[in-house]
């Protein structure tokens, strides 16, 4: 039984069946990639996992608990963090302040109004955020406006913010989309490092096959809202159905 | 604005100031007060400052501008300039044209914005900053009541400008405040006989009433006086102050069986509701075999101008009108018209008279002390100010004088000639007991001289 | 029953004013993304175009008439408008009488010019600025415009009557079988309603069937893409601002006989028109029109004395109450798109 | 100091000095000079500066930090005022219970309105708050007249019970608001030659509260809570996916700023015991928005500057009349004097709205960050000069945290 169990999930938008009967199991501490052509329902699936969308049918269990009907922040509190296709960070805040927010976010979402206590807790939070910045190799940028950074740095910050919460499952939505090759490789290295050091489960939606085959331990191929196959990267590479439905075009294009 | 005379005390502070600097002193009370006057803002030196608090912005700005013109004229006359205006017709001959008690009259102006908060802020700055010993003006009852209460607290005299609500000298009356303008009750009392004479005693009235204090008191006054002579009130509907279009209130009128529409509206509300009512063709209809009629209890010439031709033939009441032919009115119209080129409005008249009455009261009392002024004004009877013999009643500080019933003129000679006087209702017909139920609930209190 | 029909008629009439103002407002928001607090001022300026035209038409030749005296006892001045002098009393008086309809023709170019100047001179610098800045600067502009009008025309309302032919009312009830005088409605208000319907139809047709309109609609949907096609969308948007100003101005011209224009009439309508736009859905033209009529009708119903007796004060708050209920149940307004103005 | 950084301490000290020294600072011109017209150091206006400063500071906690633009904040001020006057009427003239009641009632009212309005964001939120405030105004002006006094405002009367105080003073008047016997209207004047400085008990009471309120707002700005509010303004999505529900934070900010408004309302009636419905009208709500934006939304000191700016215009410029103008320009030759006066006249006195509108536009066009940005620019010019002198030209693009 995996840490994330998706059973029979379906979602319609008007006349369009975006997802139909998706079953998926992500094993704990694995890196699981979900690939598929445009419109295959990858993002819809992801949104169903984090509470942005509610599926019409089926169930989603995280660590044995249903996530359905919970709001995004509640699902996050269960231990799922999400990295977006375009980095979602606090653009108007400094890098340090960005990092302080997840450090501050206690799992119960409570906050401190007591002035003295807040000063004390602010110190702890700052220390923790500082530590995290060092770990993400961004300490030199701590006072920069987050919006002024390069895309790669924004991504790095966003991932760092997710990690600061010590999640059990990290969801990545095309983390290298729109990045230069060098940034992409850096991101791959970063994710590898995270996997090695932190042993957290990673689920990744990706277009770039290079990224997928560098990272993933198992791959699910989605097509037209249903999973086509699920296997190891090596097997997927040679799978005829996949070639036909997806890889043929994709490799040709790449 | 501090309260008690006992707190007064002058103490010198030694300071290493230069020779040019006089010795700094700290003391309670006003700078303008001489040491032992015992009241707020006692005039010092050879001038006295009056505060003219009128709407300069907002919908009543034109009325406020006219009030200000009247005040400037009054100051000119008090200081001996111009032709003296009503000073020559005023029954009290105390005013000499040498200022008040020999002090030259100066004035400060402020903007009430027709909001009670802003009016009070403006009045406070006159009292605290400019040392005004009397504040006057305003174009709505809300402002009058608010500023009157402030003046009571501060210990200066308030001479109300245009305020028609019963409350100003009713439930919200104050010892330091005086109203020359007439009120809702008087409008009702003056109108009723004229309406009976013109429209008969068997009428069904439909009231549209502005949904705030003045509207309430006016509706009550007109209803009770018309019902007393046999009219029936079919319906009374309150309309929001913010309304600009009254069509949805007017449309059902014809269908209600009423044959008279009473518009208890003032200012922009009145202009719009009357315009709308005429648009609906109400006056061309005949209900119960009677011609449908519209009545506007409180008229002003400026509003009549706004409503244009729609006022023609419509009855209402007004405090004063420039076409009055008594000596006082003629003198006032002449000096106002000569100076500004057009005749004064009723608001201008009441403000001019208030300024004169205050000055005269100070002269008669021989002091600017508010309590002395109150004493001089209470029960004061005078004439020659345009409304015939007038009494400032001691019990509620309301003036009792003739009230004009007017009608929109059918063929105006000029742009100012919009109203014609139908009847001058003598003062005794509009006088009521001081404890009349429409005025119940307030206490005058005692005069407050401040500190 | 007749009372209901009467109030529906009323509501349609009220609603047509709301719809016209809101239409221009949402046109500007939809195309330019600008929250224009000066839109009410454009409505007011429109009404004052009517005032000005009738004043210009009645510029008079003044002669002293020694037989009459004015209020000071001086010889009275008799003034005859030049139009009466030139065209004879009958035609001259007729021209004066028709000042408001004549103003429509004059108002269109004037309002377009004012709109274009506003957009080029001020608004265009605010496209990239936060909505709060847009609100502040257009609010400042609205104050300036109304104070300028006040300076020249005073604070008092100025009567601007409709042509004599439209004075009086139409007995609608008698026509559909009710007793006479049960449902009557002033001619000019019926004209106003018809006029609004025409303007709304023209604006929709313009956007729907002309290339210009198509480009603008495409620009409303996706400004960047249209820009990439090499179409100068900015120029067209400037024209849209002119158009919106003209719609507001015409609404004002035609409104002048209904309520005597005063300098603050724009502010009186401002809050209301924003509520109409938001209830209809930001950026939705159809929504603005629908919401305008809906709120007009509800407001009319709420002013019925039976309703006020049932719920005191309902006539004071109905608009706001409806706005709250709609925004809570239909977050994007009646016909609004998702994600517009939510941050 | 007091748990503040050096920079914040400096700002707090500046505000403290400004607030406590206002009677001197606002009265720079001797009373005999024609410029005395511009003196603002009289109690009523100083009180207004401070009270609207508090109102704007509170508004800024909501708008400046979270970006939620409430267009109905005046309702809380109005409700607070009514609560304060009712305390005066029922309980007694001590200002403490009145102000506490104002804050509590305004707080409760803001919980109710905030809870509903915060279900939406952006302009929808603004319109919801506007609608609630307009409803409050309309009802207070009309059908709620028995509770609110309607058009004439809620005021004290000689018949009020005042169970802990006296209904009528021995000399037959309505008692005045006081702090344990110290009357708010009490003045002490210092006369130095031609200068007159007025020290008013009520003003200093307000000033002390302003300093406390300002200190609290710095603490809120710098606290994790404040950080969270700024995060809400920047990116609610990320906040959601960081396991935080923005709603309680925004509601807390809304209620805090509602209570600030209530405090301002309470102080208003403590200084002048009358509550009018107009202070809930939408233009009053708009005014505080303008104060915040004009001064610099999201900055600490900006709203106070904005409040001062608008109230100065309203109270000083509106009082200049034609006669005063003629006095000023009396030194010019007659013809020229008339020309100058007629050119200036439209902008003063009854034209103060026009001046205000023009200044709004100028500030927004040229100083997008409000008056604070103007100050910063001037500061930068000086700093640049200094740098040139010392030869230190490192153009570091460090972030200026908002202040």
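The chains carry the letters A, B, C and D, assigned in the order they are written, with residues numbered from 1 in each.
What we mean here is this: contacts are C-beta pairs under 8 Å (C-beta built on N, C-alpha and C of every residue); 3 or more make two chains touch, one makes a residue touch a chain.
The structure displayed is predicted, hence computed values, not measured ones.
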item: Chain D and chain B - chains in contact with each; value: C
item: Most widely separated chain from chain A, with each centre as the mean of CA atoms; value: B
item: Centrality ranking, top chain (CA atoms only); value: D
item: Top chain pair, ranked by how many C-beta pairs fall in contact; value: B-D
item: Between chain A and chain C, centroid-to-centroid distance (C-alpha), Å; value: 52
item: Centre distance in Å when chain A and chain B are each reduced to the mean of their C-alpha atoms; value: 73
item: Separation of chain A from chain D, taking each centre as the mean of its C-alpha atoms, in whole Å; value: 46
item: Distance from chain D to chain C - Cα centre to Cα centre, in angstrom; value: 35
item: Set of chain A residues in contact with two or more other chains; value: none
item: Two or more partner chains touched - positions in chain B; value: 57, 61, 65, 211, 238, 240, 242
item: Of all residues in chain D, the ones touching two or more other chains; value: 138, 142-143, 353
item: Pairwise chain contacts under the document criterion; value: A-D, B-C, B-D, C-D
item: Chain B - residues contacting chain C, complex; value: 57-63, 65, 211, 235, 237-240, 242, 244-245, 247-249, 251-252, 254-255, 268, 271-272, 275-276, 279-281, 284-285, 287, 302-303, 305-310, 322-323, 333-334, 337-338, 343, 413-414, 416-417
item: Contact footprint of chain C on chain D as seen in their complex; value: 67, 69, 116, 119-124, 127-128, 130-132, 134-135, 138-139, 142-144, 236, 282, 286, 289-290, 293-294, 297, 346, 351, 353-354, 356-361, 364-365, 368
item: List of chain C residues in touch with chain B within their complex; value: 2-3, 6-7, 9-11, 13-14, 17, 68, 70-72, 76, 150, 154-161, 167-169, 181-182, 184-186, 188-189, 257-260, 262, 264-265, 268-269, 299-300, 303-305, 308, 315-316
item: Residue ranges of chain C in contact with chain D within the complex; value: 35, 122, 125, 129, 131-133, 135-137, 139-144, 146-148, 151, 271, 274-275, 278, 282, 312-313, 316-317, 319-321, 323-324, 327-328, 331-332, 341-343
item: Chain D partner contacts - residues on chain A that touch it in the complex; value: 50, 71-74, 76-77, 81-82, 84, 88-94, 97, 100-102, 104-105, 107, 109, 111-113, 115-116, 118-119, 121-122, 125, 143-145, 158, 161, 165
